[in-house]
Amino acid sequence: MELARSVLAAQPFSALLGAEVVSFGDGVAELRLPIRDELRQQHGLVHGGVLDYLVDNAVTFAAGSVLGADIVTASLAVDYLRPARDGELRARAWVVHRSRSQAVVRCDVACDGDLCVTGSGRVSLRPTSG
Amino acid sequence: MELARSVLAAQPFSALLGAEVVSFGDGVAELRLPIRDELRQQHGLVHGGVLDYLVDNAVTFAAGSVLGADIVTASLAVDYLRPARDGELRARAWVVHRSRSQAVVRCDVACDGDLCVTGSGRVSLRPTSG
Amino acid sequence: MELARSVLAAQPFSALLGAEVVSFGDGVAELRLPIRDELRQQHGLVHGGVLDYLVDNAVTFAAGSVLGADIVTASLAVDYLRPARDGELRARAWVVHRSRSQAVVRCDVACDGDLCVTGSGRVSLRPTSG
Amino acid sequence: MELARSVLAAQPFSALLGAEVVSFGDGVAELRLPIRDELRQQHGLVHGGVLDYLVDNAVTFAAGSVLGADIVTASLAVDYLRPARDGELRARAWVVHRSRSQAVVRCDVACDGDLCVTGSGRVSLRPTSG
């Protein structure tokens, strides 16, 4: 958990958005992000890119909890379910399968408890090369 | 093009990141985003969420150029190819198929000319309801 | 359940492969498919296309259980986790979100109890038009 | 091209469906599949699983043309654009990026010249292990 907090704190983009780690370990990671006006699009809703960021980061953290820190995210798939307006976003990701070198992770993002995005991603150990 | 610029200017999240419209119209949209330190992750690379944002926004703009402004993005799939470090990101999206109510769009993101992300998305007219 | 069985029986491609409905209703569908040599690729493993078929059909059936029969599958994302060799494939799909006109569905495919594929899909009511 | 033909001929599932290699090499692969009644769903359209199979196989062949034969497909994303009814399906896949161990590939499937499915996939060298 301390590791996850220090990694998130070392990500300038996560600081710019204002994300925090809620839980981390054993193949699961949860992030929270309070909605504020800078995160919106032209209709006042949370920008899709903010939701994508949460899926991306929660998936990578959940994978990192089983594969270690030296990983790269290979692919991501996201389905938008309903718009997010106000309150707090929570992204919860969990590993559904892992091998020695890869993890496949699912993720749900809710806004004040209402599911607004589902996604999944594949994360690999970074290739060892010069 | 003026429409696209005004929509992007009306997105607080796009202003926070610093994106600009390069071209827009006839099923194609191109965005640019200069890399700066606030957009990085813990290893100094551009955060995946920034790349996701570019895919999301470029896909939605390209779809909007044929479907109009009243649209919602339904799903997104992203493959990360190589890390982005310095210089300028360019996201180019083009509609590969459209019906009356939907568009499917592909997108490439390059960093100083090197392809670093490919993706695609599906965009729908907003359902007409109260 | 009778409805699901009759739909599957009316699909020549499902008959060609040999799929059966195990359960159906309330946003959930489960299909089974005994592995036989005609379903393999050149290394003797089950062909990826067979697994794709199972995800596609289970996702569509689960969506149909809440949206009705007049639907089209819009998109699918599949992650392959481990090869399938022998025994029986089971695909279980469940709706994670639905609106009046759409459902987003997750799906797991296991081979003799070992998870070998995860996926998700988006299914829409067929547009009403001439 | 001879290699691709012999691999396809060694896939019992491809023989069951009736696919043929049209072209192969330098990061590109094209397959054809004549539509016949066994490939349909309950409304007389080509079953989605047939289209998924074509994307899967064309993506894997295109990747194999640059990575060699010892590969596994990691993930696939498919968007359905319009139904396929009669005539001949053609799946064309092309590598958009490759590293030493991976390739990312896009694919279009057309039915008698009309684009009906777009997709993409990620293919990896098989991990070297006992």
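When the chains are written out, they are named A, B, C and D in that same order, and each has its own residue count from 1.
Just so we're on the same page, contacts are C-beta pairs under 8 Å (C-beta built on N, C-alpha and C of every residue); 3 or more make two chains touch, one makes a residue touch a chain.
For clarity, every value in this text was computed on a predicted model and none was experimentally measured.
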Using the stated contact rule, I'd like to know whether C-D or B-D comes out ahead in C-beta pair count. C-D
Counting only C-alpha atoms to place each centre, which chain is farthest from subunit B? C
For subunit B and subunit C, what's the span in angstrom between their mean Cα positions? 31
Could you state the distance in Å from the CA-based centre of subunit B to that of subunit D? 28
So how far apart, in whole Å, are subunit C and subunit D when each is placed at the average of its C-alpha atoms? 19
Residues of subunit D that touch two or more other chains sit at 74-75, 77, 79, 99, 122
Report the residues of subunit D in contact with subunit A in the complex, numbered from low to high. 74-75, 77, 99-102, 122, 127, 129
Subunit C to subunit D touching residues, read off their complex: 7, 10-17, 37-42, 47-50, 52-57, 60, 72-80, 83
Residue ranges of subunit C in contact with subunit A within the complex: 77, 79, 81-82, 96-97, 99, 104, 106, 108, 115, 118, 120, 122
